[in-house]
Structure formats: structure tokens, C-alpha cells
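Labels run A, B, C and D following the written order; every chain starts at residue 1.
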Amino acid sequence: MSQPEVLNQAFELGYTYTRSTGPVIGRFLTELRNRNIVGIKASDGRVVVPPMEYDPNTAEALSEFVEVGQQGEIVSFAWVKEPREAHPMDVPFAWAMIKLDGADVPMIHCVAAVSEDAVATGARVQAVWADETIGYITDIRCFELV
Amino acid sequence: MKEIAIVGFQQSDSVSDAGAVNEVEMIMPVLSRVFQQVGINNAQDVGFVCSGSCDYLQGAAFAFVAGVDALGAVPPIKESHVEMDAAWALYESILKIRMGHADSALIYGFGKSSPGELPIVMSQQLDPYYLAPLWVDSISLAALQARLMLDQGLITEGDMAEVVSRSRRNAMNNPHAQLAGDVAPDDVLAQEMYLSPLRKADICPVSDGASAMIIATVEKAKEWGMPYAIISGIDHCIETHNLGMRDLTDSVSTRTAAKRAGMDAGKVDVAELYAPFSHQEIILTRALGLADDTLINPSGGVLAGNLMMASGLSRIGEVFNRIVSGEVQCGIAHATSGPCLQHNLVTVLEKA
Amino acid sequence: MANLAAVVGIGQTKYMTKRLDVSIAGLVREAAVNALQDADLTWDDIDAVILGKAPDMFEGVIMPETYLTDALGCNGKPMLRVHTAGSVGGSTALVAASHVQSGMFKRVLTVSFEKQSESNAMWALSNPQPFSTHLNAGAGGYFAPIIREYMRRSNAPYDVGIKVAVKDRLHGARNPLAHLQKPDITMQEVEESFMLWDPIRFLEACPSSDGACAMIIANEELADKASKKPAWIRGVAMRSEPTMYAGRDEVNPQAGRDCAADVYKQAGITNPRKDLDCAEVYVPFSWYEPMWLENLGFAPEGEGWKLTMEGATSLDEGGDIPWNCSGGVLSSNAIGASGMIRFAEAARQVRGDAGDHQVEGAKLALGHAYGGGAQFYAMWVVGSEKP
Amino acid sequence: MSEEQEVVTVVKAPVYLKYNFTAGAAPARFLAQIKKGVLTGQRCPKCSAVYVPPRGSCGGCGVATEEEVVLSNKATVQSFTIVYIPIPNNPIQPPYIIANVVPDGANVSFIHLMSECVNEDVHIGARVEAVWKPKEEWAFAMDNIRYYRPIDEPNVPVDQIGKLPVTGLEG
């Protein structure tokens, strides 16, 4: 019996998917491109950002858009001291659940900060826009502390 | 409704890198042990086979197809496959037995997570428009969840460290464990933060391996003459994908599943919970209303080794092992899938 | 003994190359809502959802059931995701049926989908793993040699596949949901179409489609009260065999034969050609019609092509056993859904609800799906009457 | 309408994941041999069938294949197709033949390229032999065998395909 050598090789599994958005996500991304943030009213009246297409509680299709603020409050955060290659930032940053002004449900995005100590639950943050907005979630480059 | 008996369970060691083994080579040794345990030859001797695996762990489409090569599926067999976790393959198998189309089933799960960057791979199970493009990894999401609990005073870092310490110590009696040792809570707290508020010890390791189970009707189990445990209830439940709309400090779907599975919190000698993060064990313990005298994760749980796609099945197997050894009378096992405990399955087991 | 179960609602999307107007959730949702409407039910009437899709890589969404929970009204309910190979739509229908047949559920929704336009399904999978020992020449590169071996064994004339390609497109022209609409297709057009993998021509292969299919399956009590005529499930079977083993018959795989024998036995079928009124069979390459006619026992070995050439499988020619009246996979191929579409179209026939592609008075129909290297099979027989 | 006012309907979502792939034990043994210019299979301890390329088990029996068997460079065409579309990332230009070939001594076929042949003359049962790349190009790869080409030997009867010993027709 021959001895198996351990054969290792790096490879990349990848594809650039073409995603059609449908009207709800499309509206949100269109607004992002225009540097606005909109949410959607759920059946119980709560404003959800980014807008969901379907209500989690009633399963109804949602359609009532509500413009929300570009500032909000950190509901929770996680401090990434060693960003991964795929992460949107290459220096230490925080992931946060952010409740935007006028929204009732927090969204998840990244927050730029100099150190973990600078971030806190309840801290105010503001959206920072990408230099060029294209209609993608990364049009919000990150949030920064106010 | 037909009573279901578990008659055999085997698992591989949890290892950080299984090296030069492909799917079939990973599965075969575990299958041959479980066949031996029950005294059968191969998958021909059971009525149904169902497995759980995820292509993206090793980065190959239809990786599970190779799994069929481990079964001895000539002549052809009744066979199916799920993602989620092999615990759901068990669920599918129970449906098959209860409808009378099988009297027994082999269930197995396998995962070779080491080739990829697992937390990043799992980011691609999130909403493909809002979250996946940000590459929010699974550890970061769990960290957000932990912070909510800490901020609300629902847990302390000490509570989390207690979970880790108990896992490491329990795992010393688990020959398959990847991480074990006499670790005190203070030792854990002395570690630096990794992804604050999580320390590395709060996070399950990345593991390669497989596990397998054989179930049967009680009549068939008696015919085989093997010691068995009864699955007296099994149910599962999923919650909204929107993490902001869930109470992340609780697991409503776990509670719902447990209720529908007929769990009686006062009658649980042992509970094996699929909690990939220390704080999630506390969430689950509370959601299930487990009493103080319930033995929780005596195997060390998945903090001692997490075979993605098999760990949920292994939780059930661990409870089975303790029941047939006579150590306990009854127990529950929990399995999970999705970010921050989105999808949960609860199995209630009893001594035959 | 399994509990009785029946299809009480069916919903599909229109199949087309690109559904650019909806998200993935929107596509899946559309089929589900159509099924609810067909059954005159609401989300609250559904006890569990069974979702079928494979592989994740076609859309690049891992375990899409987690993201699709809200679109499918599943928050707080059991959601089970089935992931078999090309047979996944069929397997999923069977798993959904087992929820009811086991007595554990009263009424469930099952959905399967494909949004191939998000990727290029055929080549999204073509990036080979390192150390791959197999040449990748696409699905046709795998199946064409098997078809060639069938042609050798059966001495079938070269134009059987051409005939099937025309027949299924003419069927498809009767079905407004079918992707390809080719009411004027001719044998000559197919024969002159580009050769891809000899003997498979372009028009002898299936298209790439976006689409979703959904069904609602209920127990006897609820099916008896259903607003429309139910399709009673009379038999369910699945079989798998390895991709490769010494002596494997790839042309007439044993797993397919065994699966058919199993489902026929449950449905009391002894002569499928005579006992069944029609069949929806997974035929992604035209030559698979004669091959499956034999594999499924509609014709003796080596003679399946004769049924095709006689017009026995053609609705337009008044055949006695029409196959793929919906146009089949050759007219619409939303891969992850294709198996379920076969199962649903069989149910439409026995519900008498198949529109212009209805087989007059159909009482018993076969739904069939296969996948992998023609190694995974799922089948059901549905009837207009309770067993 | 200016571009600014158009509604977003489609986005590009790059999903690229990196893996460090490790070949399984059976493929690794096979590849180590093919790197040396030797085509090997593995024999099932239960049914004696020889698999090439070995994947780690006998699919029929579900047991590990251990015994390594050196196979012949000669093989038989079990079936084939003439391909008229290009293989992505493969320099070979259509039309080309891919054939299911069974090396003498093995019991299953694998797909490989055929060349140095008149496409129309290729047939089931035809005898072929492996044409290897120059030794200095040998890697841990199946395509060390560049292609198979026809040889002047009698056709193999269909019921004998997949059953020839390693010694071929003479055996």
C-alpha cells in the first residue's frame, strides 16, 4: 500500500450573483443611492429598517414606507479587534444593532470607532456614506459615533 | 402514534483538522461502528436512511452525494438528505417510520468545516440583500446577542465563564472531545477578549467529524435485542430571520418546540443543548425552564467540539447513551440551526 | 398503514429565463400565495412548511430556509428544508406528504424554487475543487454517453429524441406557465438546431428557468372539506443508488425500476401504461423519454422509443398515455422546483384542473423526479378518488 | 430619465469564499501514483471490483477500498460523446470527444478526452491507450494523461466491457 501524501491546495469558490431586488428592497436601495434611509411599517405599526418584504407576525406583504433618520442609538455592539479579510473594515471596528431615529427595530451594520472604550450601548451614531453610492447596502459605509 | 426507539449511536472524535479524508472516508468508520453496535451489516438492514450536511462547509456542491458511497446502497435504498443539522434528518426519519414506510432508519451527519473560514462561510446564510453583503460573521452576531444579555443584567461574564468551565471539566470524561480540561471560571475570565464581549473560550471550536444513529420501532428494537431508549417527543420551530425583531435574550422557538414535544421540565434528568456560545446555553436552559438538578451538557456540549451538521444529532445521541447506560431515566436534547438560535429542535427521551 | 393525504392546493409561477421583478423571497412567495388561493386558505391554516432547494450555490444563499422564513409565514412554525439532488422537488413533496401521512400534521405547505438567473447554474458549479479526478464537461457531457449507449442497445432511430423535443414543446404551448412557447416547432427545426453534446442538440435539451412551485397537502378530514377537488396521494416512493459501482446499469438504473415497482404496488398498478392516464416524468434531455418509458415499465426494454414514435405519449396525437402534458422539463426547467412541478402537474391532471393540457377524464397520474447521476428517484401516484 | 432617478432593481452580489482543500486519502494515493506516471485503481475487499479513480469506497458494498492495483495504459471505450461547446477554463477547443473509458484491470469507467482519432470512427467497444504528457509536466492531476487515442486491436464485445484483466485482450 502506497503512503498517501497530504495534498493541500487553496481554492476560491466564488461567483458574482445578479440579484433582482423586487420592489421593497429595490426602493430601500434606491433611497440609499440617494443617501436617504427608509423603513417600512409592519402590521403592528413598528417601523422596520431595512424594510422587510413580509411581516414576520402576520406574513402579510408590507408596503408602507417611512423615511427614518440617519442617526440612531446603539442597542448592542460587538468589538472586532481582529477584522477578517471579508469584513467591511480593515481596522478594529464594532458591529452594532442600531435603532435609527424614527425606527422601532434595530438594524445591523458596522461602526467605526477608535477603540472599544469609545463605543457603548446607548451611544448615538450617524450613517457615513460611501464616496459613491450605487444602490447597495454598503452605500452606508459604516456608522460613526456622534 | 408509533413509538420510536433509538438503538445505536456512534460519533467520531471532534478534531480541528481531519486532514486527508474525504466525505466518504469520514463517514464510513462511524457507520461501520454503528452497524456493529446494532448487529447489522449495512444500510440494507434498515428501512430508511437520512443524512445532514452542508455543501458550503467544504465548498463543494452536492458533497452529500459521495456519502451514498458509504452505505452499500446496492440494491438501491430509500434515502434522503437535509441541511440544517442531522437532527432534522432524524425528524424526517421519524415521519417515515410513523407513516409505516420503514421500521428502522439510519441517520448520519458529517461536516468538514476546517477547509473554510467557518464564521465567514456562515455569514452567507443571512439575508442576501441586507446582511450577507456585509459579511457579518456568526461569532459577531452571537457577540451582539451576548451583549444584550449582559447589558440587561440577565447574565454576567462570570455566568458565561461558569458555562465554559463546566464544559471543559465535563469534557474530560468525553473521549471524543476536542477541548477539555480542569479549567476554573477565573481561568476563563483571565483570558483576554476575543470578540468582545466574547472570549475565545465562549465560542465553540471549529471541528471536523461525523456521527450516526440508528432508530427503529419498538418492535424492531426488541427483535434486534439491543438496549434502547424511547423518543417520547420531538418537535421543531423556526423564528423570524430579522434579528432585530426577535428577543435575542430568549429562545421562544425552543420553548414552543419543547412544549409541543411534550417536555415536562420537572422530569429532565439530563439535557444536552446545542449552544455554540456559552451565553446561548443560559438562554436555552432558561427557555426550557430546566430545574437546578438537571444535568446540563455532561458531554461538555459543543463548546468541547462542534461537528457542524452533526452536533444536533450528537446531542440526542449523548442523552441516549446516558439512558441506556442506566445513568439517567430521562432527558432532553436540543439542536439548532441558523443565526443566533433561529431554528430549534427539541427531542424528549425516556428509558424504555 | 399511512394516513390518507391529498393535494388541496397548487400554486406555480410563470417559468421564464429571468424573473427580474422579484427577490428570491418574492419568487417563492408568489407560488406559495397562489397555492393558498387555490386552496382558499390563509397562512394561519398552515401547520408547517417544507422547503425544497438544491444546491445552495445556484443562488449563493446558504440554508435559504432561514432567510425565507418570513416570506413563507413560518415564524413560530416548523420549517423543514429538504436538500437532495435534481430530484429535490419530488423528494420535498414526499417529505411534505409524510408530515400528513404520519398523522403528525393536518395541513402543510410545501414549496421549491430556483432562481438560476442569479447565477449561471450550469457553470456556477464548474469551478472544480483542487485535485479533481473527473473531467467536467457539464451535465450533457455526463448524460450524452449514456444516451448513446441506449441508442446502441435499442437500435432506436436517430430522430426519437427529435420527436420528443417537438412533442413536449407542443404540449408546453398549451400551458401558459411553460417557459418555452413554441407552438410552431417542427422536427426540422430541432434537427437543425446546434449540436451540443452529440447526440444531444440544443432543442433536445431543457432551458434554464426561474420559477417556484408550491402545494398544500392535507389529511383526509380536511381534504374532504376542501374547496376544490383534491388529488389523493395513492403511492409514494424514493430510491437512491451510488453514482458508480461495478456493473451499474446507467441506462436503465435499478433505483428507478425499484422505485417505480414500489409506487405502483402501493397504488395497485400492474400495467402502468394501461392503469395510468398520464405521467409527468423528469425528462431534461429528450432521449430520456424512451429511456424512462422502459425504466418505469411503460414499455419492454428496448421498445420505449416505439411508444414515442407511435405518438402514444402525445396529447396532440391522441396518445393513450400522454407524458408531460405540461411541456415537461424540456419546456420549463427551474431546477430546484422541476421535480415538484412534475408532482404538481400530475395532481392538476387528476383534479381535472390542467386547463388546455388536461387529459380528458384523467383519474390516475404519475409524478416522477430524478437527480444526481440518474441515481436518486422520487415518485408519487395521485388519483381523483380516495384509495 | 437620468440614471439618478432610475429605481434599483438589480444588484451585483459577489460571494467569494476561500478554502484550503485537502484531498481524501484514496484520491491522494491515486494522485501520488499518477504523478509518477502510474495509473492505479483500488480493489473492493468484498466484491473484488476495481475502482478508478478511487474515491475511498466501493459504492456498491459501502466498504473502504484499500488494495492498490496498477492498471493498464490500454482501455476500452464504454461510451462517448462529441462535444461542440467549450469547457470553461479549459483550453481544448470543440468539437472534441469525451469518452467513458475503462482501463484494463478496472471495472468502472471514467470520463476522459480522446484525440488522434477521426471523430466519426469512434465507437463503443473501441480499444484505446493513454497518451501521457511529458514526464516533466506530471503533477498530482488526472490530466497527466493528456488523452486517449485509438489503437489497432479488435473491438471488445459489449458484455465484456469493464471486465478485461490488466493484461487486456490477451488475458
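Following the convention adopted for this analysis, a contact is a pair of C-beta atoms (placed from the backbone, for glycine too) under 8 Å apart; a residue touches a chain by one contact, two chains touch by 3 or more.
These figures come from a predicted structure and were not determined experimentally.
Centroid distances built from C-alpha atoms place D farthest away from chain A.
Looking at contact counts per chain pair, the maximum sits at B-C. Centre-to-centre spacing of chain B and chain D amounts to 38 Å, using the average Cα coordinate of each chain. The centroid of the Cα atoms in chain A and the matching centroid in chain C are 38 Å apart. Mean C-alpha position of chain A lies 29 Å from that of chain B. Averaged C-alpha coordinates put the centre of chain C at 30 Å from the centre of chain D.
Multi-chain contact residues of chain B (touching two or more other chains): 19-20, 56, 59, 66, 68-69, 71, 73-74, 117, 120-121, 124, 128-129, 132-133, 240-242. Touching two or more other chains at once are residues 9-11, 13, 15, 17-23, 25-28, 31, 55, 58-60, 140 of chain D. Chain contacts: chain C has residues 20-21, 23-24, 57, 59-60, 69-70, 75, 127, 129-131, 242-245, 248 touching two or more partner chains. Residues 18-26, 29, 43, 57, 59-60, 69-73, 75, 117-120, 124, 127, 129-131 of chain C are the ones touching chain A in the complex. Looking at the complex, you find that chain A touches chain B at residues 4, 6-7, 11, 13, 17, 19, 21, 25, 29, 42, 46, 48, 50, 52, 56, 75-81, 84, 86-88, 95-97, 105-110, 116, 121, 136-138. Within the complex, the chain D residues that touch chain C are 9-10, 13, 15, 21, 23, 27-28, 30-31, 44, 47, 49-51, 53, 55, 58-60, 78-85, 87-89, 95, 98-100, 107-108, 110-113, 124, 140-143, 158, 162.
On chain B, the positions that touch chain C within their shared complex are 1, 49, 54-56, 59-62, 64-66, 68-69, 71, 73-84, 88, 91-92, 94-96, 98-101, 121-122, 124-129, 132, 235-242, 252-253, 256, 337-339, 342-343.
If you check the complex, the residues on chain D that touch chain A are 4, 6-23, 25-29, 31-33, 40, 66-68, 140.
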